[in-house]
Amino acid sequence: MTQFLQQLINGLSIGSVYALMAVGYSLVYSIMNFSNFAHGGVIMFGAYFGFFYLTLFRLPFPVALIGAALSTAILAIIIERTAYKPLRNRRAPFLYFIICAMGMSIFLENIIIALPFIGPTFRTYPEIFSKTPIKIGSLAVGRLDLLMFIISAICLGLLVYFIDFTKIGKAIQATSYNIKASALMGINTDFIIITVFALGGFFAGIAGVLFGMKYTVYPQIGVITNKSFIAAVFGGLGSLPGAVIGSVLLGIIETFTSGYISSQYRDLIAFVLLIAVLVIRPRGLMGKSNEDKA
Amino acid sequence: GQKSAVSSDTIKVGWMGSLTGDQAVWGQCELNTVKMLFEEINAKGGVLGKKLEVVGYDTKGDPQEAVNVAKRLTTQDKVVTILGPNASGSAIPIAPVLEAAKVPDIATVATNPKVTVMDGKVKPYNFRVCFIDPYQGAVAAGYAADILKAKTAAILYDVGDDYSQGLTQFFEETFTKKGGKIVAKEGFKSGDVDFRPQLSKIKAANPEVIFMPYFFKEVALSSNQARELGITATLMGGDGWPSDQLLQMAKNAVEGSYFVNHLDFNDPEVQDFKTRYKNKYGKEVELNGYLVHDAVLMFVDALQRAGEPNSEKIAKALEETNIKGITGTIKIGKDTHNPEGKEAAIIKIVDGKYIFQQKYTPQ
Amino acid sequence: MLTINNLHVYYGGIHALKGVSLNVNKGEILTIIGSNGAGKSTLLNSISGFLKYKGEIIYKDQKLNFSPNKIVQMGICHVPEGRLVFANLTVEDNLLLGAYLRNDKKGIKEDLEKVYTLFPRLKERQKQLSGTLSGGEQQMLAMGRGLMSSPDIMLLDEPSLGLAPLLVQTVFDIITDIRKMGKTILLVEQNAFKALSIADRAYVLEQGKIIMEGSAKDIANNPSIKEAYLGVKK
Amino acid sequence: MDAYIQGILILSGINLMAVLGLSLLTGFTGLFSFGHAGFMAIGGYTAAAMTVKYHMPFIPALLIGAIAASFVSAIIGALTLKLKGDYFCIATLGFGEATRLILDNVQYFGGARGWPGIPAYTNLTNVVIINIIAIVLLANLIRSKHGRNMIAVREEELASQIAGINVFKYKLISLMISAAYAGIAGGLMAHYMTFLQPKMFALTKSTELTIIVIFGGLGSISGSVLGALVLTSLPEILRAFSNWRLVIYGLAVIIIMITRPEGLMGGYEFTPQSMKKLFSNLKGKRLKSSEGRE
Amino acid sequence: MNLLEMKNVTKRFGGLTAVSSVDFEIEKGSITGLIGPNGAGKTTIFNLITGVYKVTEGKITFDGKDITNKEPYMIADMGITRTFQNIRLFKKLSVYENVLTACQYNANYSLFEAMLYLPRCRKQEKQLKEQAENLLEIMGLIDRKDFIANNLPYGLQRRLEIARALSLNPKLLLLDEPAAGMNPDETAQLMNLISDIRKKFDLSILIIDHHMDLVMGICEKIMVLNFGCKLAEGTPIEIQSNPKVIEAYLGVEG
């Protein structure tokens, strides 16, 4: 039983890492309808920003966290302006966006390695939160895990509020369905797209800092976002609650597979499950339907 | 004309390894070391009156790139010897290229036996300065069973990594042969950062020792997580461990752990090199630096004995290597092209420092 | 109110509008008729800022060269060809989005009720995803949504397209009603007969050029127009 | 020609083989795959098993590899081809990673440690011949009714159905052919490298192939040929830049996508007729590239 | 003889009944009209016949064979083709390619023959090309052969859809609002075209449209649908004077 509960805690904490990453990805997906593979790179930059703000500038943690998030928001906007906007202007098919995103992701990862003052070295965040876990009986709950869980929950709550209850949120939804029609409603679609990228970048920054604190910082941490892509698909592309639920589920599935079936074949089993879910629900758990009427 | 005079003044040596990708830290340290040593040698007048020049290329740790690089170094840059690579997966497929070009290669930390020997036959142009996986795995297992008197062990390893799989296999074999029992064997996949599910399972199996044959980043993360989960078993590992970063990232978690190393970092003989590197690059030297240092020594020695920068003669000379490097005595076996009888150093982490325990060879 | 001078639009190699000039007076219904591919939609798309053009479009003494959303802000509302409803939003959400730029909650609510009385079918389908509406229902939605922005001038691109005869009549009645509310209307129609019957003035657009202009009555009585657009046989 | 240049040409040829298949799937049928490295792996390991363990001659071994890859693709396709866009894409991504995971664990083939000692049968001559055959077969296919049906599926599924085209069948055929091509590429790779390691077939390999297809121009075989040559040799040309190499590569991909919206050869082919047409009818051709109707 | 029969066909979307217990026949060789207010379920009936939607209840037979819930491509193979209310062409392909693609129905060489470009493939390809050009000729599209479909004016796009549908040599052609967006003159041309192709291709045709001059002008029989139910059925004259139809659909003045 303890084993089971401990694994559940493990799963939830892994899931909340995936969730924080998947949300930004899903947000951009919902409006641009393409997988922004550069998202991992932005998360990685977030981790570096946070690290340097904390160590070089010695900023207090909350300031560094927000600072990093703002920095990556700007980075995301720059990426949108330079790499995606020209494609948007010529209404290129979504494949071009994906390839451009891949190019961007290669660029981001390697520029970090190539820059002499950063390089490939691993960097460890200063210990801000004690590593000794909170003990409940023989169960261990990491303090950082708890913090991540709470921050993720707050961020997601704010985001859902923002999307569902504010005017600009409505505009984001509208733009995600039909850009031209939105413009006809007087929505400044260009601004909306920037907002979405900025939001995505903001979350990427937070995810990056938290990730870096927990697992150290290095140029390849973007790779982990593959998992959040899968989680987002699991939950249903373009749906924020879907992204969160998909992530948590993926975390739990992975954990229980490792714990009770086989850690060697974990990803294989997770994959089979993913396929099973998609065969039964082709749009993931909560994906928006794009079905058009004949 | 003048041009050929210049080129005949220098001897080109190739280097390959990861300058990008997961293993860029080690690759860049290797290349830095080679550059530094060549500068030093050249400042003292070079070898055979000629200057040494390194041509280094990135392999991204990718076998296909390694083959390209080997071809480029041998046919375009016309190097006389190649140093590196650090990954077995890159060192194995370049063998046919080396044979076609008759250029020797000295691998640094490519520990798979098949790098130099294939189907019982030694590959004529492949050499290495490090000991091999079976040896390292056996050392760790032997030390755990004989010296630490452990009866049960668990293994956590990287399923997708050749090095990790190699060590796991030989640790398991030796440990069981010595009467021990592997109570849990769990895998993860390169790129993973969370090991708690596997560790929770290992915890339930309650081993005395946990063998962690992979690189320091994962070692740091997994040992931290193990301690968080309340695992108190002794942790052990291989030469993927030693790094400053390990101590930074997991100081308390790895306290009291053991690992197998190529050398004792506190050995007075290596201090000089350590400081030279630090002075030049402002960074600590990584383990790969020591090994490529010895690869350079091996090459220079062979070049001198060959008497001319001729790759085939250098290869012949390499077979007769018997020098003292900073990682120990390097005597190349004719049938294996491995440094034979190179003893492993057992290091224990005490008070956040790497403390040399003993040289150890399993029976 | 709206003046267009010498407008040229190109699609790649196709010269779709070749120097169109026209003006719309405040409070009138102006209709543009012309056969398929004449460039009517192109003209409306240029006004609402979706196309690059040569020439000038002046609205309330200002040159229009803004992005579409700014143009909407200035009180120009375009109900496009092909309706462009938000397929994945409900009927009501669509209507509310029409009022995106407005902030008067009360006015919005009133207008919503007004739209529902104009198109009772929409009220029945309030909560249905608009993508699954029938073609005609979508057309009503697009019109209703346009009204929600309480514009000064409405550009209607074939509003009767795909509507049942009974509804066609209703739509034209509604257009007259809208004009009575003090709005200006630029109406593009295939149903020239109906369009001319409610319009004040009309232009005839052929192959990217204005070939005729005048009062709706004159145009409707012009024999060549009768033959070509009103389906009156020789 | 020295061994280095030859090596690059051989690798271009191997990549081209895989890219041709992927081009059929992505460029002509409109399906996007992130799992083609998985099919290469299956083809490579099967072919190597044939030559090493059963001492079979090269060509039959390659064909068996192709059949194996094609067979597996049929199973995967049957399960996932009903999925749309990114969902299918993630399913193939999962497949590719799962294949690698299995190979990592199969000690019979050397597991993650790799499989050395495969005979070196691949050379420039047979790579070129195989590629020429592959191109001819593909070109014939594409201008036949079957090829047109695939293009129709890419353009508009419902309309294809109404035109009597069995959409699912054509997607499956396209996937199977493209997997067979990838399988042959894998076999060529195995016998060129003389070594196989699951790492060689990582996700980055799949994305590299996709990048080549789109870089070369969707729906253009000549584009694929050009793309494979350019993008295989580009990293080699940039070798001298050491760790700035991939930074430049990433940038190059972005710039091409932005400045050449149709890829290098988008939709065009180098054939005698097309060249004639191109010169005589430049104006008419321009319509093709003009933007979609609003 | 009846070519198509619908028996008691019902279609529900969740709680909404779009088509409810409709019985309906199409006589061979006839032109039949299907009219009704917006949202009455006309397009839904097309979707049910062509297999795009699954039937909730009831049975559809074509040429004596049960086609209920068959896949759309199978139904197309059996000889029913259609056009769409929202035009669905292969937008980025040329006019010629649009038609040639649909002609695929008339060739049966295998994948293998195609890849090797064997004689049978060559011969049939040549026939297909002739057939496609022929069709374009008939439909008056031959001079726009190389236009990208998407850049055609609306009216021609509709024509192209009809041409594409005809490439399958159908027995029954379903036209969903073919005259939408056309002015009276163009509508008249369309009427001529429809009667022409019926003769040339020996077709039966079912038309949905809101242009009464067209429907009343060429249909031999008309069915009126209202709220998913059959409201009336009869000759144009009967329908025009049916008070229920006038009230629900035509309006006083028409």
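Which chain is which? They are A, B, C, D and E, in the order written, and residues in each are numbered from 1.
In this section, contacts are C-beta pairs under 8 Å (C-beta built on N, C-alpha and C of every residue); 3 or more make two chains touch, one makes a residue touch a chain.
These figures come from a predicted structure and were not determined experimentally.
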Chain D reached from chain A - shortest hop count over touching chains: 1
Chain D and chain B - chains in contact with each: A
Contacts common to chain A and chain E (chain labels): C, D
Chain located farthest away, centre of chain E as origin (C-alpha): B
Identity of the chain that, by mean CA position, is farthest from chain D: C
Separation of chain D from chain E, taking each centre as the mean of its C-alpha atoms, in whole Å: 39
Length of the line joining the C-alpha centres of chain A and chain B, rounded to whole Å: 36
Separation of mean Cα positions, chain C and chain A [Å, integer]: 43
Distance from chain E to chain C - Cα centre to Cα centre, in angstrom: 29
Chain E: positions in contact with at least two other chains: 43, 52, 84, 86, 151
Junction residues of chain A, two or more chains touched: 110, 113-114, 180, 264, 267, 290, 293-294
For chain D, residues contacting two or more additional chains: 101, 105, 158, 243, 245-246, 284, 287, 290-294
Interface residues, chain D side, partner chain A - complex: 26, 32, 79-80, 82-87, 89-91, 93-95, 97-98, 101-102, 105, 158, 203, 207, 210-211, 214-215, 218, 243-247, 249-254, 257-258, 261, 291-292, 294
Contacting residues of chain A [partner chain D, same complex]: 29, 34-35, 82-83, 86-87, 90-96, 98-100, 102-111, 113-114, 180, 226, 229-230, 233, 237, 264-265, 267-268, 270-272, 274-275, 278-279, 282-284, 287, 290, 294
Chain C partner contacts - residues on chain E that touch it in the complex: 13, 16, 35-40, 43, 85-86, 151-156, 177, 180-188, 210, 212-213, 248-251, 253-254
Residues of chain A defined as touching chain B within the complex: 3, 6-7, 10-11, 13-14, 17, 110, 113-114, 119-122, 124, 131-133, 135, 138, 140, 142, 211, 214-216, 218-221, 223-224, 254-259, 263-264, 266-267
List of chain D residues in touch with chain E within their complex: 137-138, 140-141, 144-149, 151-152, 155-156, 158-167, 173, 284, 287-288, 290, 292-293
